[in-house]
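The block underneath contains the structure these notes are about, expressed in structure tokens.
As written, the chains take the letters A, B, C, D, E and F, and residue 1 is the first residue of each chain.
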């Protein structure tokens, strides 16, 4: 990247080549798959132990097999709560992932602005009600909040997933805001193509 | 439009053909220029007098000649305050206009999520500080808020523009939220193309 | 007016004689009826196009014939939401109108401070619950909010009126707060006389 | 009072004749001076010990001799903080007292809606800034808040007065809101007369 | 006390010996019973009339005989609302009293942080819901709030107690925060002993 | 533990013996050192991958060597932000650790209720100002917030620590609130002993 690009973090950003082997390999694998290195890896890399724990926690929740929540539903939680936290990095990066996973080019923008107006099911709306409460006022949770989710068929394991994902991005959003982490330009337009062709 | 499209408003949406001549002509003129009719016109059309006043007020502010604010800066105010009000219609529709006017495909998403992280000048950031205060707590305005804008070279006329645009979209956002006004699908992707090519 | 009166706006206030004919005539007609010129006309007059649109929008909502809301009920919405927005001009000016229209000298002060303690019907209280939600958090509106109004007999047309009036005064309150618009002294005591005689 | 008057409290209201002698005498003395019995005395009278303490605390602050705050300034604190707490009884009753004490018929309405727009001195505005902080977020007070008051010439004794009055009406407003205490009709129009004559 | 102790108030603290006889006797009686003089007495003593009213009001509510609320329940209201108001003095001092009265060493810390997680009955939780509403937004109280308490068997007299105690500590918390009143070190550990032995 | 103990989580709590070897060993090591197993390990153990990542992230921040923040200062951040988030588990558990690390029996209660009244240095207060902003409104951070910390001598590395610890406990507090995680009784009284002896 040329030097006059806007900085991707308020904090030091190490060269990929200077990173510990395990991190370098993981990051290069992502780069190969995606075509670029998401800035979150670079912005956290000056703290290898934290980056490892961050990736491990992220993957444990977001790549978890046998979750009762679809991958798209998990990304919905990320985008809606990151919108509520006004986290530019997570809204833009996970908005791209959500568009691709769900093959719905409008969904991420809808969820980031107001999930109550998004093209989702009533069950998904209940899921996001709970996630937003975790995001904004987790201390207020009472039995009724859990009961409501169970009425929509969510199991205890699903409820844990909803809560834990909202909690993990409470961390993630704050790290990104503290670092003024800049989303890669590529994310903004990923997954919008289907709509472009429709619009023609 | 086919019948199984999601509704564009909670309230009745009249046929364009059934509208008073002056409104029909204006709407068709927009359609010719843009390729589609923005849903806001259709959602307000069941109240012709209100739609006329809405368009007149909008144009008086947003198309005003000799304003000290550029057209792009005025749209920045719209997108940032509509984001703060969680108004899906205005974020998406005016986000599209802003991308096109400023030829900056990333700007609208940045402003809608957190204007403090957007690629704007310090002067524009001061402009948005004031606009957000008008949006969220106009009763708290004191001399210092105006003085700060003057230090950035804003005239009284500019300050009125900032305040009046934030005020007009306080109305607009609430109408759109009350009506659950749906943004046209076309808006979501308008003005993003330049970035796609850059990203390659 | 003598020069040492407190200013009625932070922005320029033109002479009525210097205004475009249509505005001058309208303002003089109000003056003849009321005995004085409400400051809102003077404070907006430096922007004739905006003043015209403002008056047109106001009249479309507040003077609308065949509305399911009485004129008094519409003013209740204005006073309650303007109180919530801490807008001195609108509380005082529309408080006066409300007292006169409803012939209830206490009602405006009650609504401006806390509509839950006002001498109104349960139906009017439901109307104000909705209006205050539009005023303070329009993005949170969901089906239940509309259903509740329908249970009280409000039609869709009535609900639009409630929402649109709350939305218009979201604009109006912000303009007044940005301009530090000063209510005419006359408004404060208008419509209080009946109570004075009762109190004896 | 006739039976179809609206209730003045959600709780029992004893007959004045049934009250302990000391309270009955005090209340009758107020009635003689004012022409009616303020409802606060009646609404608290079912708890004689609390009423005695309430009156003693009120008088210690509001009738304190040698205070650096004028009687009018103390009532300004009451009206501004009671407005912030949306307490109908205190806004209306103390608004009347303030109009009479200060001989300014507009001041109470201004302070109840937004003290930043009221016809007061800069020093009084600083006094109310502090009082509103005590009212709304007393835990946030830091040295700078006190220092600012000292720059306006307030002594430690004055600062205690400001804080203690705001604190006492934090109690008073809550008691009135819990009881849905109804202001006497007489209060609404008291002290407005001068303005009526001026307005002619 | 040695001079380098942290101050117990931002305001003057008189010698006990210099106080009016009635106050000195009361304070010495407390000291004899408790082993030390709670700082609240010393911090208010520079205003004897206010201290007398404060003590009278406190005792009327907290020592009231025949209340439907147990002494422990009244202290629960104090600790929970003082926690919500972030009042260090009242949380620490009344936390100590609560631990001793209820013989439950954990309860005060639970209530101060989040009463929804405390070891209390459902009925006590409803009592605290109401108290917290009085504390944070008394203007929002409506019939349903009272009805709910009645369903749990609370009488009107009990409801007054809940409201009045929350209201009195709204005052008390603000006085303590304005004065930066320091809790006596002794309070922090009082009533924790049983748990210490259990923990072994 | 007997069966009638209150549950430590809303979710399943596995037997330590049933856990993967690495986790069982870590947990038994903590038990040996502390005398009991902190409930957080048990409450997270039904998700071994998440527990591993949680511990790794925690240790990377809280046990980090060469940090510019002392261990006590890091715990101050935990207690103050957990208090702001009303998280009972973290306030009580980390309050105990803080008392022991700093050998100050009062500090944890002070920070949990209101860090502005705590016995800390001005520098530590600035550290907590920043941490609380990260906790409550990380999107609002601007250059001035960082500049202020630098004026107190905090390096970029220190600022990352402050931000990352506040961010990690944003996660931790939410997990604990979602699970209604119960602090071990032992934590409440740990580290208070020195004060007990002093108080005698």
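One rule holds in what follows: a contact is a pair of C-beta atoms (placed from the backbone, for glycine too) under 8 Å apart; a residue touches a chain by one contact, two chains touch by 3 or more.
Quick caveat, the model's predicted, so the values are computed rather than measured.
Counted as hops between touching chains, the shortest connection from chain B to chain F is 1. Where touching is counted per the definition, the chains common to chain D and chain F are B, E. If you match contact pairs by residue number, over half of those in B-C turn up again in just one of D-E, D-F or B-F, and that pair is D-E. A centroid comparison over C-alpha atoms places C as the chain most distant from chain F. Look at where the CA atoms of chain B average out and do the same for chain E: the two points lie 51 Å apart. Centre-to-centre spacing of chain B and chain D amounts to 44 Å, using the average Cα coordinate of each chain. One inter-chain figure worth recording: chain A and chain B are separated by 27 Å, centre to centre, where each centre is the mean of the chain's CA atoms. If you average the Cα atoms of chain A and of chain F, the two centres end up 25 Å apart. Chain B has residues 86-87, 114, 139, 141, 177, 180 in contact with two or more other chains. The touch graph of the protein chains shown belongs to none of the named shapes.
Pairs of chains in mutual contact: A-B, A-C, A-E, A-F, B-C, B-D, B-F, C-D, C-E, D-E, D-F, E-F. By the touch criterion given at the top, residues 10-12, 47, 49-50, 52-54, 56-57, 59-61, 64, 85-87, 134-135, 138-139, 141, 146, 156, 159-160, 163-164, 166-168, 170-175, 177-180 of chain B touch chain C in their complex. On the side of chain D, the complex with chain B involves touching residues 114, 116. Across the complex, chain F meets chain E through its residues 6, 83, 86-88, 91-92, 105-106, 109-110, 112-114, 117, 119, 177, 180, 182, 185-186, 188-190, 192-193, 195-196, 198-199.
Those residues of chain D that touch chain F in the shared complex are 139-142.
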